[in-house]
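Right after this note come the structures.
Note that chain A is present in both complexes that follow, paired respectively with chain B and with chain C.
Up next is the complex of A and B:
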């Protein structure tokens, strides 16, 4: 094992964190496990592909548009479908989002076909040398994007009126409603924001790797592992958790072989839940 | 807030339960009148989509029915193909095979693809119903109880063809083999290693990765430190996409590369110039002069412009033709009689001649090379174009 493998793990972990951030936000604020989160990721990639492969745009230029587009899809889903279900039962949205997962997969397959797609970009297969370590440029960009989006999310939640409303609705929705906060709207805005983060992860996944209609589920599971490791309600913890997961995975594969890649993810997931259910980084990063 | 981690665990369990859901089949009585029913549980959605093979099956059955059906024991009977989408899920496939045989009275089965075909074999043996398949290299078919018939290319032929081609490509003959870590991947790695050594190549590194791998830094490090100039990758397409990008970014430059499974998808063209020069093993090419090429091209080239997709149609057409031929010769639509008749198959199909020995029949193998979104045959010489350098990774 050498520093290249560590560096690859850190940078891959950045992408994991970007995908896990939206899941953590949704669960932290809404108390809702969104099984369709991976589909928001893939929706971002597919929507970006329309302008990237169709019109020759650069994926980074398309990224904000993809984020907005997926947020616009997520908002009404939460406002008119998931929030009413959430008020009726805590478990109903779980089933509903699983239904959305299946629906999205079928839609992607019908509209975009089943062959894998990738988002072409000059930096997709380019490498750069940083401190003597050769790394994949797209992962450096994805890592930087994750840091920026984590920072923006943290500031939004802690330094703005909207963030105060989100935190209030998360802590005690009934009291928040009495105080005049439109909890339904806050919930919808939260899912829309989480979906936008997912779409950003989707665009970067599309550039760095590839995507198919069924790519969402593995990404969702990785996002869950990140959230379990980070704990709920800690943005910085999500970044640390993603990086930790990426490094552990990279090192485990290097030492024990490729078969340990998935084992490590699920082992971390269940160990984190069993030993420290509040997450490894909650106190440190709160 | 304290209950959320528990809900998280419940959600994980829920995912596992929902993913494992499968329909139940109830047994039914056999039937010997009306149309002859052939069944297939095939992946038409999920991670693998085999609509081309299904279309090939249907083409053969439509051709037979257009002739009034097939001759079975002195009378002509129409043929009905029951198609069930197993959503690329093996548990679902196993249930569906039982449903096809016990409920729908299928007298014979047609295959799906790859590992699913291996898994289907045990079910066909247990139900004592013949299963005709392709899309599984004959080298990988386990020895069963005699109900599975595999007419397809041989990995060995493909490997020999590849090493013969690589020997002329000016490499140092050091090979990196990367496969999925499933049974098919392990068999592929073993076979390609053995044949590579026999052809005078050294195995610099042999790596197995799970499906869904996105970080190949350890594989690339092994390739670089072993100075491997020959790359053999046998993985699902998304993994190859990620690895090709990472190899280019980390400046690993093999001189010749083949993508088994992965470069067979038409989606390979979305890699653009990065995919240029990659080799692919093929069971059919439009330039090889195989039977029924004109019919397949005329009927399907507009739907499936890619040569590999047309090859899958040809595969389905060939499999179904072999089965229909056996049913006619059996003189009865009983599974046992059809199975006996399959053993004496000797016919020309869209994949070449089929004659079983030990339940296997090896059809011809070709090597193609990706160049600007299309695949050109580069081996064997008949119908081939000259080999280009591996510019995509160069």
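Up next is the complex of A and C:
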């Protein structure tokens, strides 16, 4: 094993953390497993591809637009479809987001075709040397973006009024509603925010590797693996869990070969879930 | 007592009729029948696990694939007869479930669901990387020794009837009542002396064994099996879709669900796969949103209203889930 494998693992892990953060936020605040989260990621990549391959924009310039667009799709979904289902039964939101997953896959296929796409960028295949270690530039950018977005999420949750409302709605929706917090709107804002994070992850994923209409499911499971490792309630834990997962995967691939990269993620996921369902890095809820 | 016996009698009558009709049917009908019956068995297995014991699995394909691959590997490498390979499918799938139950039964609710989802994807990835099982390109069953035509149809009838019988038992027996108690309120059930672990395990084993047998039937039908086919997540999806559309926790729900989803959509629209998936997704969302108990309970309520029978007049088991639903709906409305 050498340092480059470790570095590659850490940087890939940043991308995993970005996807896991949205899932963790959705589950932490709404108590809902969003099976369509991977589709938000891929939606971000496909929407960005419209401007990147269509108009020749740089993926990083398109990134904020993709985040806003996907958030705008997510908001009404939560407001008018998923929130009413949340209290209906344990399985209803799970099954409904499953339906959204199917629907999104089919729509991507119908609109964009089944051919693998990538988002071309000058830094897509380039490498740079940091501290004497050769790494892929795109993963460095993605990692930096993840750290910025994680920090922003943390500050938003802990330092703003909106963040207080989110945490109140998460801790006790009934009491929060009595105190005048519009819980339905907070829930929708939370999913929209999580979807924006997903879209950012999707754009970076699209630059780093190719994607197809069915790429959402493996990304979703990677995100779940991050959440299972991290537990709910800490933004820092999510970042640490993503990096841990990236390193484990990177090492496993170098030892066993590329075909095993996904198997390793799912095994880690399953073991983490089985041994410590509350997560490895859990602190008291934020 | 007769009220409890006539569904079983009807099931036996339908099974015998299908069995007897097999030689008279043409190959296309038999083929369609095998497909529908496999779906029915898988949906009903999921119904027993999710509908009666309250454990939502998104990993049905793991057990379908285990059953199918066990049968195929036994036939291709061990050279035994198909009935033995068929029995091996149930045993292997149940063994996998028993092994996985150690971590799985620590999980509840959504965690159980994503745990099973992870298992199914891991099984698919493992098979793809396993050269002895043909890797990503799959495996061909020795065609000469397989049951086919009428015989395969009869086998599928038996598997589906077995699944129906298990669901009927779960509906009517004390065992089923204990499962429902765990589903509706686990601490209360445990407090009343129900062994939660043993009952959850029993439901998981029944589910996996039926899914494994259905996997064997599917392998017999497809002849060439691959990780993208028999281990595809779509088996898990269809089990959920068909049962939820028909009516979770009802014996007839999966039957109606298979008819609507498969016959109405997948088969009629098989030339337009994408369009069919769009409709399936929308259907699933619509049913969950506007008819969360499914089509079969709606039909029953409609018939009852037309015949003037009040629901209270029926001596059938009350459905606490629906009463809880009403209360929860009101809470949900407050949230919006």
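Definition applied: the second predicted complex is superposed on the first by the 278 of 286 C-alpha atoms of A that agree within 3 Å, B and C clash if a C-alpha of one lies under 4 Å from a C-alpha of the other, contacts with A are read in each partner's own complex, and residues count from 1 in each chain.
Heads up, the rule we're going with is that a residue touches a chain if its C-beta (ideal position, glycine included) is under 8 Å from a C-beta of that chain, and two chains touch if they have at least 3 such contacts.
Everything numeric in this text was worked out from a predicted model, so none of it was measured.
Chemist: State whether chain B and chain C clash or fit side by side on chain A once the two structures are superposed.
Modeler: Taken together on chain A, chain C would clash with chain B, as the superposition shows.
Chemist: Determine, under the contact definition given at the top, whether A:33 touches first (chain B), second (chain C), both, or neither.
Modeler: In the superposed model, A:33 contacts both chain B and chain C.
Chemist: Please indicate which partner A:103 is in contact with in the superposed arrangement: first for chain B, second for chain C, both, or neither.
Modeler: The second partner, chain C, only.
Chemist: Let me test your reading of the model: by the given contact rule, A:158 touches which partner, first (chain B), second (chain C), both or neither?
Modeler: Neither partner.
Chemist: Contacts for A:218 in the overlay, against chain B (first) and chain C (second): which applies, first, second, both or neither?
Modeler: both
Chemist: Can A:262 be said to touch chain B (first), chain C (second), both, or neither?
Modeler: both
Chemist: Does the superposition put A:175 against chain B (first), chain C (second), both, or neither?
Modeler: Neither chain B nor chain C is touched by A:175.
Chemist: Contacts for A:118 in the overlay, against chain B (first) and chain C (second): which applies, first, second, both or neither?
Modeler: first
Chemist: Of the two partner chains, chain B (first) and chain C (second), which one does A:88 touch, if any: first, second, both, or neither?
Modeler: In the superposed model, A:88 contacts chain C only, not chain B.
Chemist: Output check: A:273 vs chain B and chain C. Expected answer is one of first, second, both, neither. What do you get?
Modeler: both
Chemist: Between 91-99, 163-171, 217-225 or 253-261, which run of chain C pushes into chain B after the superposition?
Modeler: Clashing stretch: 217-225.
Chemist: Both chain B and chain C touch chain A; at which residues?
Modeler: In chain A, residues 27, 33, 35, 90, 94, 98, 105-106, 109, 218, 221, 224, 228, 259, 262, 269, 273, 277 are touched by chain B and also by chain C.
Chemist: Residue numbers of chain C touching chain A in their complex, please.
Modeler: 50, 54, 56, 58, 102-104, 106-107, 109-111, 113-115, 117-119, 121-122, 125-126, 128-129, 233, 237, 240, 244, 248, 274-275, 277-278, 280-285, 288-289, 292, 321, 325, 328-329, 331-336
Chemist: Can you name the residues of chain A that touch chain B in the complex?
Modeler: Those in contact with chain B are residues 1-2, 4-5, 8-9, 12, 27, 31, 33, 35, 53, 90, 94, 98, 105-106, 109, 114-118, 120, 124-127, 134-138, 208-212, 214-215, 218, 221, 224, 227-228, 232-233, 246, 249-250, 253-254, 257-259, 261-262, 269, 273, 277-278.
Chemist: Give the list of chain B residues in touch with chain A in this complex.
Modeler: Touch residues, chain B against chain A: 1, 4-9, 11-12, 14-15, 18, 45-47, 49, 88, 181, 207-210, 212-215, 217-219, 221, 237-238, 241-242, 244-246, 248-251, 265-267, 270-272, 274.
Chemist: Note which residues of chain A are touching chain C in the complex, please.
Modeler: Those residues of chain A that touch chain C are 27, 32-33, 35, 79, 81, 83-92, 94-96, 98-107, 109-110, 173-174, 177, 183-184, 187, 217-218, 221, 224-225, 228, 259-260, 262-263, 266-267, 269-271, 273-275, 277.
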